[in-house]
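Listed after this line are the structures, all set down as structure tokens.
Shared chain: subunit A. Partners: subunit B in the first complex, subunit C in the second.
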Partner chain A sequence: MIRAASGAGRLVPRLRMWLCAVRSDPSPIAAALLAAALVWLVLAPIGSMLIDTVRVQVRDSATTGLRTGEWTLSFLQRTFTSRVSGVLFWTPLANTIVVAALVSLIALPLGAGLAWLTVRTDLPGRRILSSVMVVPYMLPSWTFAVAWLTLLKNRRLGGLPSFAESFGFAPPDWLAYGALPIVICEALHLFPFAFLLFGNALRSVDTQLEESARVLGASGGVIARRIILPLLRPALLSAFLLIFSRVLGSFGTPYILGSGVKFMMLPTALYGSFKIGSPGVAAVIATVTIALGISLLALDVFFVREFKRFVTMGGKGSLRRAAPLGGLRAPAMLTAGAACLITTLLPLASLLASTLMHRPGVFRLDNFTLDYWIAAAIPAMPGQRGLFLNADIAASAWNSLRIACAAAVICGLVGLFVGYLVVRLPSTRLGVFLRQVSFLPYLVPSIGFAAACLSFFAVARGPVPSLYGTMTLLVLVMAVKYLPFASRSGISAMMQMGGEPEEAARVCGAGWLRRLARIVVPIQKHALVAGIVLPFISGMKEQSLVIMLATPGTEVLTTQVLRFVDYGYSQLANAVVLAIVGIVFAFTFILEKLTGSNLASGVSGTG
Partner chain B sequence: MKKLVLCVVAAFALMAGGAKESAAQKEAPKQPAAPAGFDLEQLVREARKEGQLVAYFTSSRIKDVGDNFEKKYGIKVKGTKMADPEQAERVIREVDSRNVQVDVIGFEDGPLLEGKLLPEGYLVNWMPPDLADQIPKDDQNPLVFLWQPRIFGYNFEAFGDKPPMTNVWEMTEARWKGKILVRDPAQTPANLAFFATIASNPALMEKAYADHTKRKLEVKEANAGWEFLKRFFQNDVVTIPSDGDIGDAVGAAGQKDAPVGFYTLTKQRDNKTKDLKLATMKGMQPFMGYALPTYALMIKGAPHPNAAKLFIRYILSDGHQPWTVRDMGAFSPNVKAATNPENEGSWADWSGRLLKLDNKVALKLRQEILDFWLQHGVKK
Partner chain C sequence: MASIELQGVTKRFGSAVMAVDGLDLTIRSGSFVCLLGPSGCGKTTTLRMIAGLDLPDEGEIRLDGRILYSTASGEYVPTEKRGMGLVFQSYALWPHMTVAGNVSFGLEMQGLDRERRRARVAEVLELLHIGELAARYPAQLSGGQQQRVALARMLAVSPDILLLDEPLSNLDAKLRLEMRAELKRLHKTIGNTIVYVTHDQLEAMTMSTEIAVMHQGRLQQFAPPMTIYREPANLTVAEFVGSPPMNIIRPSGRPGEGLFDQLAELFPAGAGAVRTIGVRPDDLAVVAATGAAASPAAGRRWIRPARVETILPTGSEWIVGLRVEGHGLFARAVEEPACVPGDEVALAAPLERFHLFDADGRRLSPSGAD
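After this line comes the complex of A and B, so read on.
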């Protein structure tokens, strides 16, 4: 027996030992399976999209004379080198890069400045500012775009007048539509991310460094320039890359503000090609979008690893010195107050005002109306009723809730599970791989990912039927896309939980599943809730993901808004936006109260 | 004893069946005698058993029509307004994935229909047999249920009763740069078909030019039709998502220098409800616009086929009223159909003023026209 301890002889006892270990703790198998599933759910659709770039689909066969199913390079040629490639692809690409750069230029200093004011100064009301700055996160990204049109559109596209026009001022085209409004609206939506990232970074800078500098006689300015700013470089880079990739994948704002003046960006170019009936070209644009998004965020992950040496959070409590503002107090408060107003109150107020008037901006008594909220029939909109009586809107709302809830619960549970596996795994290579794979969906821009999933799941594959037109598809795509949020919070939560309770339970004879259900989940209640609430909020306001996937049977609130915008039913569109915001606020409030958790800390941890 | 019971049961069955038949007959007392083989009552019965009908139509009035249909036959209709490209996408995907959810569509992309969707079996053309003598042969396959003039119109408050343009070539002139509103050709297949038909009628365009300017046309593109399109696109044509928006923009009151627009005639019904000042370009040469057909077809594998057939028959017989009688600007192909008095003529009159689309040519030239538009109309 002892002599056979070499080569194949060692294999069987090893296998038996492994099987024994795995029976009491099947984590490695679960991790392997989960990693494989995630890889498949993200890479298979992308692969399908790649195939679509060189294979003819039905719509293309009608206009190109090629047969359905034939292989061809014509879509690549049409998108990159043909006479119309400029209009179809290169100009939108250039526009996207320029817009993203400008947005970063505005959002980063704004976010950093406010973060510094909140964390490092004695600004009065900074705690309120902190909580209020979470609100823009809860608004759909295109809320500002809809509010902008309500306030500033002109006659070029016809329809109801804007507030500006009713006050006698006709905004020029470059102010009402196109690059300028898109940049401003995206910046207003995205600067809270910069705010949160910088705030976190500032909070985690070890004050010991500053204290030492102060002891050595450095002034406040020198400390800020030579110590704090360099330490913020990772946050700066992270915020920049995050903003860039969000602009790359965001559909609503460029659609609402750009299509009328033919200012196309990659997401709207993708959608436009898809809608015209050129799925081949759409597939090429989607592939480029995905490739760009992945490279940008891979850079982010790479740099964060590089900058690990910048982590300076010390465990010791330290005296946080708030820099006195003195004479700058008033201007600072003004700026902060203006930021709050513009990013939260102004868009919501203008939307609300427009839903109460027949013609926006005309302040006559007979122009005010509750029609768009409670009327049984609206003359200008055949077949539509006010929001609270509207069966279509109610159905969409119900769909939104169901889909967001289902996706959120799946996300929360799987995210926590991922956290558990990553932290507990005895073999770190599998753990690291699972951690990286769980972030994979984050790298893919939303609209590109939706196009890829449509391409892959709309066809029956083996035992899995076609998911086209089903709610399952929407739930699946959302759950996969938001998993990174939940995983991140799951991992950081599990890192803080020691292994002792589980060990004790194991010793007492509890099986693996029972340990998970009775020990891990109850202790990690808060992380689980955060892992559910954040995807739920994202799901309720998600548009870029669903715009390609929702059908009339699976219409959700965000696609309903676009439908109303397309029909010219502005008041109903605005009312639905407010409904989305209202539902999100209500649910968040209820959940916070029920579980005693604080959303702001959750958002900052995963922003 | 058994025989007695059987007789009684049979008698009851006969009476009950008879009662139902007479009830159905009471609902539709004026139905003409159906040709042999087509049983309307049978169709209604089958349709009622099937459940809710799902319809995608390009017109928002599908909701009203659906409600009327429900009132008459007791079958609910889930009608959704949807643009042509989206309808085509859905139909193709649903049929290909064998998960058909829609039963009947009201669709305007004739070229795609004739060139692809019908021949390859995505859609099924069903002509109600008992209406065969009421619908012109040309409109039966594929089945047209609505004709609309899509015409050039202007603001009569700004320009008076006399239209500011008498010839289509005026739209290529500098005076109208940036002042012509049309539906985005990239999203409106019917407009692409219109341009394709122009490109394949060079003689017509050349004569119109000669009539208007008394000079010979200098043709730099392939023919006079393409020359017109190039100059037209390069005149900063503004694209608008919908006919309603075009109507609102052109017809808004209080404009001194109003734009002109290319929209469906029916938008002029908003003159009353929204105080718009829309009027058609009467007498424009060589055409005022084109004849836009809306086709009604069933989807292959539809879950409620009999309800779909009944609905198609309904909108061809008396169900078209919300489109053609209650509102102006649309015509049913049914020769017995009533029309709206404000229509400025019958369909026969209008046919003389409009260009008729050639679906086969339009499909062949679609990509070329689209690229031509992208090159000349979109690039600044």
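After this line comes the complex of A and C, so read on.
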């Protein structure tokens, strides 16, 4: 805002004026401080991890025989060209690409078809359908994987039998574990993404565009091919890129369904290398993951979004006429209803049923039990109590709540403040930089970002002590990772408010802090609540981000689930999953009541 | 007492857009000054610079001789310390506060105690006839009520200077008229200095003591309304002020022919310099055709035969489109004209009502009519 007069010899008056202006409105200073903090929290960890790829860490020196701090290319060689590179890197990479492609292949048509049915046809119950359809996306991404094990695992992993086994069917390995179930579970989780993107794109296409073509004599097929598809192509490309990047960053599903048969994907390979104590290799894999993730989302952000702009230029007052389904109404409704049932009710119901049975799938009265919820001791699981009495679970739940809550509050406040500063400092280099740097964490896959933060914060740096194993690290990483969503909504909220309410307060004699406290924050109350609750919900179900950072002292619910899955305590694992789902739904409901908005679109950003 | 002086004030947006260019303006204490001009002429920017919300790139702004802003010395008194009032075009009422809360905010900033705040709020709301709205929230008010609250909020602190940025542009015609009368009444009652931004010349003409006409960031003329109307300083002002707009007559390109050359001959003193001639539709009278051809300038009157092309009744008046010497002109009649399109009539105007402009569009003295 301050553009002091040009010309030499006027430095003193310019400086004087700048000081006056900044004292009255310290936004530029605040923006500079915030930008610096974000650089330290986002760019520094990634830089530190890049260095780790060519420098020996303490934990590596024992296994490699190299001295700590020495520069080396051995990690790169080991990852990319050594005899073990196939197992370490190339196979997981290939698996990731194949799985992502297959997931897109299922999720895109499914989401697009359902979007068309609910947006453009007279399908009965399409309103309800469109809100139910988003539920799979609100569930933690790995819910389906846990449910899959409950329903279809076989003797290979041991432990309790699955439903299928109890019914007398032994699922073969290819059905129980590995690529196929991972693809299906990811697709079920991610198809609402395609559904939302297509639904919104379809809504923005004026039916008059189709009608104009029809008036000119085009048939339905020609209209679909020449008018609708070209207009939806950006949404298609966007959905594909976003699904790909989601698969790239998701840890839970491949871990739960792939580990048993050594089916590795990049996130699990990264975790594996980290666990067996080769941080150098882990850094290399994380770097590749981040590079891939950034390129995918950068493509989406800088190419597709630009392109998308003209889609919404369809015209004002777009009228939508529903296409009659005619005789297809009933089958279409059955299919859509079945899709809803399979994607939401089935996994949740099977999880719930399993927690109420000693042996899953055995429907005998004496097999039903509430032990896994309320028993003081569970015979089959030494040392464990039912969910409500379980000290470990209570500790994890307390950690989860504390971490998600702290991260969400920080995220919401900082996000709103970023929005304020970006809108107040438009078209200045500082404002633009702040907007970009606060958006950066969005581009970095969760697990890669966690690896980078681990690399940077594991050692003491200046006044900041080593944060490894502390709650602070989890809170910081989570807050930063969710900041892009909070700051994006902060920016749009501030844009909507405009500068005048604050300027009016200024005219009335209110100083900067007073304006913030009395005018800006109260007006943005709802945006702030949404900016806190949304990250909180995401934080409660976050796994990819915390799996490498959680230690025995900082176990959270989502890592506790994996622990129970590893032990074979499936009923407890499932009970914890249901608890997380319950919390997520409860807060989603509260948020919808508070803001009076439909969360379907709001949730689409966060994971 | 509160006079405002702007000296050499310049404001650029980016490197290309010159919002305000070397503005010199002195606003007398107690005057009601309208900044008038088309959108993008820099009038709102000027107002915001007076308020301190935008900072000039060059120049100095003073309040009663005290420097508020100066690029030469680096002095800058921020908005919140200037003690002015500013009513925004959008009203910018705070949606989370009641009407009373909005109005008392400024008093609170001045450190008034609760009792005195309450009394003053009641007084101001009464002044604007909205006492019964005190407990409502802005979202529950109509546009006109919001307008009054926005005004009350700024009047509450009794500012010496009240700045208004197109405050009536979002109101319907009837309310606009009411509020115009109200503002004029308030100015009389309170006697503070008002700077009022508008693109509506009717608003400027009816309310202000002086009008500053701006165009492309430059001040075109600063004078009382009737002077602006009767003696526009240049072609830009002449064309902008007046509805229907002034008839503009330019040379036809063939020397010795056309309306311009005929008219120019009537003003021998300025003949060489005149490039444009203007005459307001109000000053043109449609008269009977008889005898018009004989005398181009009978006495101090110009009179020419004309053909009626169109008649546009507006309800209160008639705009008559005529063709004189191949040149289209509009005349304004307050009584129904006794002619129909196609009629041959005559058009007459007093010579002193013609406006002459030179090659740069500057006004030439009409005394050449002698």
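Here are a few things to note about the model shown:
Everything below uses one rule, namely that the second predicted complex is superposed on the first by the 550 of 607 C-alpha atoms of A that agree within 3 Å, B and C clash if a C-alpha of one lies under 4 Å from a C-alpha of the other, contacts with A are read in each partner's own complex, and residues count from 1 in each chain.
As a working rule, a contact is a pair of C-beta atoms (placed from the backbone, for glycine too) under 8 Å apart; a residue touches a chain by one contact, two chains touch by 3 or more.
Remember, predicted model here, so these are calculated numbers, not experimental data.
Legend: residue contacts after superposition of the two complexes on their common chain; A:V84 is shown touching subunit B, with no touch to subunit C.
In the superposition on chain A, contact of A:A376 is made with neither subunit B nor subunit C. By the touch criterion stated above, A:L365 is placed in contact with neither subunit B nor subunit C. In the superposition on chain A, A:V459 makes contact with subunit B only, while subunit C stays out of contact range. When the two structures are aligned on the shared chain, A:V215 is found in touch with neither subunit B nor subunit C. When the shared chain is aligned, subunit C comes close enough to touch A:A504, but subunit B does not. In the superposition on chain A, A:T551 contacts subunit B only, with no contact to subunit C. In the superposition on chain A, no contact is made by A:L73 with either subunit B or subunit C. Per the touch definition, subunit A reaches subunit B in the complex via residues 58-59, 61-64, 82-84, 86-88, 155-160, 259-260, 262, 272, 274-277, 379-380, 382-383, 458-460, 465-466, 468-470, 551-553, 566-568. Across the interface of their complex, subunit C is touched by residues 1-5, 10, 12-17, 20-21, 23-25, 427, 498, 500-501, 503-511, 514, 518-519, 522-523, 525 of subunit A.
Residues 54, 56, 60-64, 78, 80-82, 85-86, 88-90, 92-94, 96-99, 101, 112, 115-116, 120, 181, 186-187, 238-242, 244-250, 252, 273-274, 363, 366-367, 370-371, 374-375, 378-379 of subunit B touch subunit A in their complex. The touching residues of subunit C, counted against subunit A in their complex, run 12, 14, 51, 53, 55, 57-58, 70-86, 88, 90, 92-96, 105-106, 109-110, 153-154, 157.
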